[in-house]
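Data first, discussion second: the structure below is written as structure tokens.
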Amino acid sequence: MSVGALSAFNLLVRRELCLSFRRPDQLLQPLVFFLIVTTLFPLGLSLQLSLLRDMAPGVLWVAALLSSLLSLDGLFKSDADDGTLEQLALCGQGLTLIVVAKTFAHWLVSGAALVLVSPVVGTALGIPTGAFPTMMLSLGLGTLTLSWLGAIGAGLTVGLKRGNVLLSLIVLPLAMPLLIFGAGATDRAISGTNAAGALYFLAALCVFTCTLAPFAATTALRITLE
Amino acid sequence: MWTWFYKLASPPYVYGVAATLVPWFLGGAALALGYGLIAGLAIAPPDYQQGEAFRMIYVHVPSAILSLTVYTVMAAASAVALIWRIKVGHAVAAAAAPIGASFTILALVTGSLWGRPMWGTYWAWDPRLTSELILLFLYVGVMSLRSAFEDPSRGDRAAALLATVGVVNVPIVHFSVVWWNSLHQGATIVKLGAPSMPGSMLWPLLSMWLGFMLFFAAVLCIRLQGEVLNRERQSTWVREAVKA
Amino acid sequence: MNTVADGLSVEKVHVWRGDRHVLKGVSLSLAPRQLLHIRGPNGSGKTTLLRVACGLLRPEQGEVSWNGHSISAVRLEYQAVLAYASHEPALKGDLTALENLRFAVGLKRHVSTKELRDSLEQTGAAACADLPARVLSAGQRRRVAMARVLAMSASLWLLDEPFTNLDAAGTELMSALLRSHVSQGGAALVVAHHDLTIAVDLRRMDLAA
């Protein structure tokens, strides 16, 4: 009679997607933020495409990091505020499954969306189309890792007032290796050298984080729920 | 067997042990630091490559090593507190955090001052200094998280989890920064490295390292006493101790 | 304190919130076909006790067991047989009442839309089924929350102030639901301000501040 883990996972992801799509404005805001932040750099620095191209990987990645962080704050917050998080914690599927489903759903609507939009931004920053596959792959791996790091941070800060600033403070130092490898891979792809090394490191980070972070995030949430 | 261990970790016992150890640690630190400073600053000959400026090594390297050691101590105490629910672990972590952050700032400042004659500028994104900077951010995150909670026991546990997650990240950060630096290696960057060291330079350095360790142990014990008293302020043994 | 081999048993539980000693060695036992009514002034720890009984809060000292096993050992099995209703109705404002129920109950057991609509019918909230929860009144939300408890088919109900915001008819309905649940073999732990007059094996427990 009881519900298997896979069906529960599906139901939870559907719940999250249902909730996200009922608020399309909240769904689009981080993407718009991504576009706005990338516009800031040419405005603040230079018009010359050649110069922009040198900066492009870094700018792209910093913008992706910042806009992902914006939406991470809401990962557990709305459920914690209206009491549904407790109901989820008591549903008999275990808190870890809930955390995994929520984080995955969050990545789908934020990180994956960023990856899809990135060619537009890449063109605006002068990144050649040949570098797009590497760029998108690195962003995909990076945003997935970031969603997990953010889940730990969100679990730790969910009950706090003004928790979103502290969330950024906690998550950004942990995300610096991501930035280094991700921007490094894109940079190498632009200059035509082999980006495989950087991508492998990024993938290793991603696998490492995706394996361990669920337990850390669940513990964090338990600490806050109590 | 475990009861022995839990007794060892009980707050009044730890308080007593810390109080006894402080004078020993301070004495040892004074001796080691004294010898190290005199031998390093006055007696050791100037380096043929870096001149007098290399003497910064006697403060910079020990404080950098300590900044990492203290983070590891903090993370270990946090893990013990989280896994086995031993409250004293939280007190140790809370006591150690500001000390570690101070060592990190000291390492950054001395590194920057050392860099001035070497690079011609106060900051050049040298990989080790950049790692130290990120370490400082990790410390600040742990301390901010602890103080953000109204319920101190929840704050302790949240900070403990963050410290444990952070310690896993420290080697990753270090490796990635070294990799990043190797990409953008400028030809003129001189590493803030130890020159190859004859004995007269090495012994003072080791002595400074030992002195810093003992100094850390002493300050940790002092702060730990305060932390334990604060956390246990409702219990009878504290009231007795305060009356006495 | 007698440990009930069949049912819920809370033994000498201590909980501190910061410096406040909220629960001081509280014990209770609840067997099937019993309703335990917990009363007490504000701040006496009634909600905390309920959350400890659910397993949401781990007490510093003391044990909670279900059918003789500690609930931390059988956590998921215990959750499968309980239904918890907190003080807030705990509904997502953007989802309809029916969707709220489906996403909550559907994680616990396979349930058809018809069963969910029936539960809403039983608590007098059938008209709310396809309305988003944010447009419902406080009383309607309480009824939907109660429908969720019903739909879970749980043997143990843990209810925090289930009569809040209900009118006279609603209060009658809630009492009737409790009566039928308990007389059919279920157990219920209810925190409520006012007196309960329900024709079952009703015990009372008063918590001091």
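A, B and C are the chain letters, set down in written order, and residue numbers restart from 1 in every chain.
Definition applied: contacts are C-beta pairs under 8 Å (C-beta built on N, C-alpha and C of every residue); 3 or more make two chains touch, one makes a residue touch a chain.
Computed from a prediction, not measured in an experiment: that's the story for all the values here.
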| item | value |
| --- | --- |
| Geometric centre: closest chain by C-alpha means | A |
| Which of B-C and A-C has more C-beta pairs touching across its chains | A-C |
| Centroid-based (C-alpha) most distant chain relative to chain B | C |
| Centre-to-centre distance between chain B and chain A (centres being mean Cα positions), rounded to whole Å | 32 |
| Chain B-chain C separation of Cα centroids, rounded to whole Å | 49 |
| Rounded Å distance, chain A centre to chain C centre (Cα mean) | 37 |
| Residues of chain A whose C-beta touches two or more other chains | 226 |
| Parts of chain A lying in touch with chain C, wherever the complex brings them together | 1-3, 8, 11-12, 14-15, 18-19, 22-23, 78, 82-84, 86-94, 225-226 |
| Of all residues in chain B, those that touch chain A in their complex | 82, 134, 137-138, 140-141, 144-145, 148-149, 154, 157-158, 161-162, 164-166, 168-169, 172-173, 175-177, 179-180, 183 |
| Complex interface listing, chain A residues touching chain B | 152, 156-157, 159-160, 163, 166, 169-170, 172-174, 176-177, 180-181, 184, 187, 201, 205, 212, 216, 219-220, 223-224, 226 |
| Touching residues (chain side chain C, partner chain B) in the complex | 16-19 |
| Contact set on chain C toward chain A in their complex | 54-58, 75-77, 79-80, 82, 84, 86, 88-95, 99, 103-104, 106-110, 148 |
